[in-house]
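Alright, structures below, take your time with them.
Below, subunit A partners subunit B and then partners subunit C, in two separate complexes.
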Partner chain A sequence: MTTTHKTTREPAGTAGPPTGPGRFWTLRRQDAASGWLFVLPQALGFLAFVLYPLIAVVYYSFHTSNVLSGVTKYAGTKNYSQLVHDPATPSVARATVLFCIGLVVINIALAMLLAVLLNQRLRGTTVFRTLFFSPVVVSLVAWTITWNFLLQNNGGINSILHVVGIDGPNWLRGDNSALVSVVIVQVFKNVGLNMVLFLAALQGVPRSLLEAAEIDGAGAWRRFRSVVLPMISPTTLLTTIVTISGSLQVFAQIQILTEGGPNNRTNVLVYFFYQQAFDNHDFGYGSAVAVVLFAIILVLTLIQWRLRKKWVFYES
Partner chain B sequence: MRTRRLRLTSLALSAASLLALSLAGCSNGSGSGGDSKVSLRMTVWSNDPSQTALFNSIAADYRKTHPDITSIAFDYIPIDNYTTALTTQIAGSNPPDMAWVLERDAPDFVSSGALTDLTPTLKKAAGYQYDDLTPAATKLWKQGADLYAYPFSTSPFGMFYNKDLLKKAGVTQTPDELLAAHQWTWQNAEKMATQVAAHTDKQGLVVRDWDYKTWIQLAGMWRGWGADAWSADGKTCGFDSPQMQQAMTFLHDAIFTDKALPGPGETADFFAGESGLTITQISRATLLAKHPFDWGIVPLPAGPAGASQVIGQAGIGVMTKGSHKQQAADFLAYFSDAANSAKLARYFPPARTSQLTTATLAKANPMFTPQQLQDVVIDGIKTGAVLPSHKNSAKIANLVQNALDPMWKSGADVGSVLAGVCKAIAPALSE
Partner chain C sequence: MSLETAARRPVTLPDAAAPPRPAGRRGSRWRKPLLYALMVVLAVPFVFPTWWMITSSLLPENEVLSYPPKLLPLHPQWSNYKTAFAHYPLAHQYLNSLYIALLVTAGTMLVASLSGYAFARIPFPGNKVLFPLILSGLLIPTEVTVIPLFKMVDRLGLTNTHWPLIVIPILGAPSVLGTFVMRQFFLAIPDELEDAGRMDGLGRFGLYFRVALPLARPALASVAIFTFLNSWNMYLEPLVYETDKSNYTLPVALTQYTDAYGSHLWNIQLAASVTTVVPVLLVFVAAQRHFVEGLAQTGLKG
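Coming up: the complex of A and B.
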């Protein structure tokens, strides 16, 4: 059997003109179509599960919506006004700010400290790296439930403290200890991730710069402050942005450990949103809280992005 | 040629992804297409294997005579977040066909139109005996003369006690003996709990499911003082009443002075033998099936206002937004008819007058003695009042929980905390 091939192939990678009159599927169009088809599932997923809910949340924030009756009515700015005048708002704002500051400061400082310590060429550092990183891969709920048992008044931590003669606080019920407990549980869960990022950044600091600083008479602290910190500033920026936005989205830990209590002391904005929308069935008010939360995260991220020129070495 | 094949492959993969996405989006898993084949789904908060087996056997029997029903699923949702999960399903346009509803949510569900009127279906169901349902049991689930949920469980609260632990603590008169001597009071129960906590390494009295959060579980205690969370019309706060103040002062002293109850953040499970007494619904008796210790049960003690029994209720409603309302109502009529109600009575005290007899209940509840059934179940249902409920119950529950938090520490000013509760919930009560 003999077949005849028409050798009209275009050079690969070029978008040549149509090969004949009336041919629709030119190579350029074929490339464009296959490109669109590759991104289409992801784009549809984004539209359905990100963009649409985002628009719907803004829409619902201007409406009152009763889930059970299914009645939705336009309410103007009532939900936003309710948030301003809600007696719980000051407590929620306080808990959110303290949680965010506590988490970011402790997480970043501890991650950097651990990274510096584990960057030394000492025996056993791999074991410690694994140890500190392992909570990152543990299920969040399992991690938090375990801590919930440990932090009970008659739980593991107070039992240990009792053995050494210390009367431990009622960790999850105390006015101040509850927030501290939630922050610590969250720090231990995620510090390993930031630690690994800092470790990678530290290993990227050129030794020549450190040696030059040493020759110039700089001590260990001065070398760290004036050479290492500026050199790892891109990582510091990244971890700070990620940790701040993450701290504003912490939900499961609050739900499992304190349910926002005692007396709203750990009721951060995202949990407050959940309470309003899903516990109280008030989707309108809950949506207004969600929009405010979104705006706060957006503004904080933009501020950090704008400030990057001041503290990221290659931006200045 | 290779490039062309690659493009074809990508096209096929993308098309497959889109198809999968479309199918996932369109399917709601309940067969909402035609009505010739119907799948029904009921949300429940029990995952007790023996209870689930009973539900499934009733459903299997029903399907034998109703070939149009392809399946009946009992969809378990943990009680802690039950109502939240249910309303989320409703909001997400994926409501169950039938749902268990807690008594505290009854006014909200009934008045909002979320449930369909069951009266016509139940009345016309052959042999249903609609008038056999006790008015006390159906009251909460009615709007006018129309019934919006079947009260499948009317479960009184009682006080279980661990005979072995009381004996070990040196308690000389058991709750049963005190009851017979008309001395079964909160003061005596508290003394007993204090004794257990002081003389054993276990806790005294546990108010089950309270955990210093679900305050509604305390109703069994404060009603002994004649107090309640709010007035019958739901408009006036009752937390700042003198009776409530006395009841809460008693409770506060019991916790922080006498150590009769585990403190905040302390856990103890009566059914695991970790406390001497517990207040809970009698349906929890299934947890004692393995008889880890010798136990007894008595009605709730009397307070200064006399004995006051409390009932927990659960109803089954047919969701208005469900895809198969009539089929669901028909199944519910079968599920709750006299024969199946008698079967369910093993776990859920029935709402039928004819079945509220020691003879019927004893058959279904071999764990209880006839005297226990009479004292706790029958008398409890006849004389008891249902737990507080309100049209705005979810919101009020959160507000009360937060406002009560300052009370759960030593030296708290009970009066001012209770006044704060009323201040916090006043707007929600009047909404």
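Coming up: the complex of A and C.
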């Protein structure tokens, strides 16, 4: 790489790489060559590990493959119609949507609350910020294992509830409590990220606007609703979209806590995908589920583009 | 592109030393204690699980689920840690995780800074098309591409090796976030600095390596932190690609602490978990600001 650039620096006539008539290595050609050399590893990796598998997964979704014989056969839309008629599909759709809504609502509300609290500039808020953020750096699996332990029927949470006279449910085995538990575990794991984003947004709200509102007689809540909330709307939109697409990718948590149970109540789409592809070794059906997952993410991204124009109050 | 807005701006944190806001007129006497009380209550679910993980890892097996709950191990049973290492290939798995995460981090820093530099500062033909295309890799969940990738790895005879855990993250979708962060940083470098470098006779690679890269330490630190943590914590990939327990990395290894009947050996499992969590937490507390600012940029991972 270096030699190609040095050539132009050397006075014409010295021995060395191409300095032919009319100077082949013009600045433009140099830029083209070095630019492509620099991005080559990433570009090749993108072709091999992103673009190719993306096309392949669509291809596989229209085929059936027998893992034992290794034979792949064209199957039309069989895998997709299997997904439509699968008795588990309604439960999976329900679990995915409920998990997503629960996670987004609780996560965003809590992140905003924590950010507002930290933005009060009290002494010692750095300590609290560290505490609220710490689960983000704790290994997801270790965090989930610990909650699995705490949420056992005779585990820590129910022991504490028992001390104060409440008879807690068998969290991870109850039809409704299982989904609630999974949402809660995930909220506390990652809400710190959104909290930091909201905190940065709150810092960007001009003090003068708040003071003007205060002079106009607006109370704290009114100031928050009418000044702060519109000002931080770009962050709210972004964190919401990010949290939604994150909620579609909770796999380890489900596998460790509930394995999709009870009665598929927590069987979200990614877990259902894993079951079909790697527990049942049905790559054709699994690919169809993966394509559906990708389509959902794609639609969400397009909605994000549209919404940004309409909904967001201002964008710098 | 949508990814370049809002939170993609660098996140900076308030200074701890910022002047306190003058107390509000109403309820000023109760305001502070109430706010503190609220924060303490809210901190419980964030701190308590990690605390309980540590204390329970020191209890004898018959006390982990006893009632009333033991919040402090009065007679810590350190041998749980010995058991976790002696009866399971935990030391081996620990080394797997460590060397894989280090290689992936170093590789990603190189690949991402090279392409981030080119996208930011070299006007090569295709630049404007290639960048958004590669960036779209960020949108694709691991699960979507894992079947074809598994088939590819299998055809190459590389299942049950560490190759897919190292090469795919460095060159595939996970490194794209690093490229994005590096590009944002390199865009902000003033042209004058590079011009000065050119006067000194530096070529493109020299400008990248001698001028841009040394300035980019903060961005490189961010990339290093989130890349290391992503690799250290990856779960689906080792589950799919590895079959031998001795090839597992820590997250999958942690789920293996059960007795012959499949019931959990909680105290041993939690001891093993603690060994994967505490070192990271200590580094986090020491380099907090870097972590928060670095990880805030990874928002996309939800």
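Definition applied: the second predicted complex is superposed on the first by the 292 of 316 C-alpha atoms of A that agree within 3 Å, B and C clash if a C-alpha of one lies under 4 Å from a C-alpha of the other, contacts with A are read in each partner's own complex, and residues count from 1 in each chain.
One rule holds for everything that comes next: contacts are C-beta pairs under 8 Å (C-beta built on N, C-alpha and C of every residue); 3 or more make two chains touch, one makes a residue touch a chain.
This structure is a prediction, so every number in the text was calculated from the model and none was measured.
**Q** Following the overlay on subunit A, give me a clash-or-fit verdict for subunit B and subunit C.
**A** After superposition on subunit A, which the two structures share, subunit B runs into subunit C.
**Q** State whether A:L172 touches subunit B only (first), subunit C only (second), both chains, or neither.
**A** A:L172: touches subunit B, not subunit C.
**Q** Regarding the shared-chain residue A:Q30, is it in contact with subunit B (first), subunit C (second), both, or neither?
**A** both
**Q** Considering only the touch criterion stated at the top, classify A:N154 as touching first (subunit B), second (subunit C), both, or neither.
**A** A:N154: touches subunit B and subunit C.
**Q** Under the stated touch criterion, which partner chain does A:R308 make contact with: subunit B (first), subunit C (second), both, or neither?
**A** In the superposition, A:R308 contacts subunit C only.
**Q** For A:V57, using the defined touch cut-off, is the partner it touches subunit B, subunit C, both, or neither? Pick first, second, both or neither.
**A** After superposition on chain A, A:V57 lies in contact with subunit C alone.
**Q** Just subunit B (first), just subunit C (second), both, or neither: which does A:S139 touch?
**A** In the superposition, A:S139 contacts subunit C only.
**Q** Which of the two partners, first being subunit B and second being subunit C, lies in contact with A:N263: first, second, both, or neither?
**A** It touches subunit B, and subunit C stays clear.
**Q** Just subunit B (first), just subunit C (second), both, or neither: which does A:A88 touch?
**A** The first partner, subunit B, only.
**Q** Based on the superposed arrangement, let me know which partner A:L117 touches: subunit B (first), subunit C (second), both, or neither?
**A** second
**Q** Going by the touch definition up top, name the partner, subunit B or subunit C, that contacts more of subunit A.
**A** C
**Q** What residues on subunit A does subunit C touch that subunit B touches too?
**A** 30, 34, 38, 41, 44-45, 48, 152, 154-155, 278, 283
**Q** Using the touch rule from the top, collect the residues of subunit A that touch subunit C in their complex.
**A** Contact set of subunit A toward subunit C: 1-2, 4-6, 9, 30-36, 38-39, 41-46, 48-50, 52-54, 56-57, 60, 113-114, 117, 119-126, 128-143, 145-147, 149-150, 152, 154-156, 159-160, 162-163, 184, 188, 190, 192-194, 196-197, 199-200, 203, 220, 234-235, 237-239, 242-243, 245-249, 251-252, 256, 270, 273-274, 277-278, 283, 286-287, 290-291, 293-294, 297-298, 301, 304-305, 308, 315.
**Q** Across the complex, what residues on subunit A touch subunit B?
**A** 12, 30, 34, 37-38, 40-41, 44-45, 48, 66-70, 87-88, 151-155, 170-173, 259-264, 267, 275, 278-283
**Q** Which positions of subunit C touch subunit A when the two form their complex?
**A** Residue positions touching the partner: 2, 5-7, 11-14, 16, 18-21, 24, 32, 35-36, 38-39, 42-43, 45-47, 49-50, 52-53, 56, 64-65, 67-69, 111-112, 114-115, 117-119, 122-127, 130, 133-134, 137, 139-149, 151-152, 168, 170-173, 175-176, 179, 201-206, 208, 229, 232-233, 235-236, 239-240, 250-252, 254-255, 264, 266, 269-270, 273-274, 276-277, 280-281, 284-285, 288, 291-292, 295-296, 298-302.
**Q** Across the complex, what residues on subunit B touch subunit A?
**A** Subunit B reaches subunit A through residues 3, 7, 10-11, 14-15, 17-18, 21, 25, 84, 87-88, 90-91, 108-109, 112-114, 212-213, 262-267, 321, 394-395, 397-398, 401-403, 405-406, 408-409, 424.
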